[in-house]
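The two complexes that follow have chain A in common; it is paired with chain B in the first and with chain C in the second.
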Partner chain A sequence: MAKSNKPIVWGLFAAGGTVTAFITPVLVLLTLLPVVGVMPELLVYDNLHAFAGHWVGKLLLFGVIFLVLWHAAHRLRITLHDFGVRADSAVAVIVYLAAAAGTLAAAYFLLRI
Partner chain B sequence: MSERIVELEVLRFNPETDAEPRFQRYSVPCMNEWVVLDALNHVKEAIDPTLSYRWSCHMAVCGSCGMMINGEPKLACKAFLRAYDGVIRVEPLANFPIQRDLVTVIDDFITKLKRVKPYLVPKSDQPVEAGEFRQTPAELKRYKQYTLCINCMLCYAACPEYALVPKFIGPAAISLAHRYNEDSRDGGREERQQEIASGEGVWECSFVGACSEVCPEHVDPAGALQQVKIRSTVDWYQEHLMPWSKK
Partner chain C sequence: MSANGKPYIREVSRYRWYFSSPRYLRYMAREVTCVFIGLHALILLVALRRLSEGRDAWEAFLQNLTGPAGVLLQLVILVFAVYHSTSWFNVTPKAMPVQVGENFLPGGVIIGAHYAAWLAVTLAVLFLAGAF
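After this line comes the complex of A and B, so read on.
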């Protein structure tokens, strides 16, 4: 029996899952801070803009967005499969294209900063 | 020792004579500390000798008494009656064809088990004089948990992927392959990977985790499968991006 090529999509999915697990709680906390009236210097627009303007910041943001979108796409593919949607190839093409479109858009906007 | 009457609703089916399965009620006088298997044994001895089911050890070791108890895969010898109120529904393990009453046809699992070579494939032939194969406690720990599997197939009855895609090799067989792959004395990993790293193998798993919830021996097959996915992914990158790094 031939070995599967699934590792390509699964490797990115696993990496995205790990990133999401670490990043999501931090994002939730940071979003809640201004809600309770705390506005650290770090979150001021100019600072965030400067962060996204540096090439290291761009690279980090791009990496996170790419992996997280890929993770979401693959998760959706599995969930649809679990719900009994058997058109796996079609589903795969659609969700991965959506992730790719989001990734390209992220690259485009990051490069414009 | 107190006694109570337990109502059992047991699936009965004889494919040779019955068009479809039916449920039969038994009122069974049971001791408080009995398990479901004791109640079934009482039915067989005193009420209805035609009832068929598998069991052997009565101590959660042989793995033959797996059945659905109130819809959950359980070992009948580990399912205490005092944990249930009202009528207890007993059915054969889900996802397997019925041979008779609570006895299932397990050929599919046995075939898959054979495919993954669940035994040591020595790295090299060594004469007896060469002595024993030594292992450090750390090397033992890598796979010890996966040796606890008793082949009860509860994980197959719980697995929604196996229900959807019957060719999926499934939790226990892949966990056992992993058990030998992780053994420092073993040299058969590449042969096993041909089976478990295939489309019918570990990649059919979507990490639902039901197998680990029902496993009576705490093998954690879902964890084993995740490890197999990681190792197979590393393999894939090595084989495709660094073909010279053949281990």
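After this line comes the complex of A and C, so read on.
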């Protein structure tokens, strides 16, 4: 049987889609709450800095950003095809590289906190 | 083959095909959520960067995010994010059917369990983040 990297690509896409389905709405809600006068304690600098400073927090934030970026990148590749862009190889390279760059940036910022 | 020997080929627009049926349009709406999910991931990245730059940078970032443009952007992202969640959970019985003995668990049960878990996760995050 021919080897394919599709299961890995799709597995990460599915994992990212599940993670983002569960938490992206509530993450947006968290940063919208201050607008209506409710300041979540986590968003106070000292608290968030302590959370992102602990290795558990770093790991959580890194995992979320990595999976969500990969999910968005893979679906964007499919979506561009659906919109009539037929240069799939070039699109694939660009979107996956962008996701990888974002993931590395997340690691870099997290290590500086 | 038709009478004059030419095969019939239905014209399908390469760029506007999804306007031909509400089903296709819903599919496209679901796929386009990735743009806004990706945008939110970028906001998270900027948040980490500002957080790593210190208190002033973080507080300025949060101020921007809760300004008119930030709120509008986040409301749009929220709409697409919720659409992603519902469309994702609604296909879970197809993506991972659960077999119990001879039969398959009804789709409604699997979808319902996901919605319940979604609500629990949402409340847990809000609680742990000290929103109430």
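In this section, the second predicted complex is superposed on the first by the 109 of 113 C-alpha atoms of A that agree within 3 Å, B and C clash if a C-alpha of one lies under 4 Å from a C-alpha of the other, contacts with A are read in each partner's own complex, and residues count from 1 in each chain.
Definition applied: contacts are C-beta pairs under 8 Å (C-beta built on N, C-alpha and C of every residue); 3 or more make two chains touch, one makes a residue touch a chain.
This one's a predicted model, so the numbers in the text were calculated from it and none came from an experiment.
Set side by side, chain B and chain C differ in how many residues of chain A they touch, and the one touching more is C. Of the two partner chains, chain B is the only one that A:6 touches; chain C does not reach it. Of the two partner chains, chain C is the only one that A:32 touches; chain B does not reach it.
When the shared chain is aligned, chain C comes close enough to touch A:52, but chain B does not. In the superposition on chain A, A:42 makes contact with chain C only, while chain B stays out of contact range.
When the shared chain is aligned, chain B and chain C each come close enough to touch A:82.
Look at A:14: by the touch rule set out above, it reaches both chain B and chain C.
Annotation: chain A residues 14, 78, 82, 84 touch chain B in one complex and chain C in the other. By the touch rule above, chain C contacts chain A in their complex via residues 14-15, 18, 28, 31-35, 37-38, 40-42, 44-45, 48-49, 51-52, 55, 58-59, 62, 65-66, 71, 74-75, 77-78, 81-82, 84-85, 88-89, 95, 117-118, 121-122, 125-126, 128-132. Contacts from chain A toward chain C in the complex involve residues 14, 17-18, 20-35, 38, 40-43, 45, 47-49, 52, 61, 64-65, 68-69, 71-73, 75-76, 78-79, 82-84, 102, 105-106, 109-110, 112-113.
Of all the residues in chain B, the ones that touch chain A in their complex are 160-161, 164, 193-195, 197-201, 203, 206, 208, 229-230, 232-233, 235-237.
Here chain A touches chain B in the complex through residues 1-8, 10-11, 14, 78, 81-82, 84, going by the rule given at the top.
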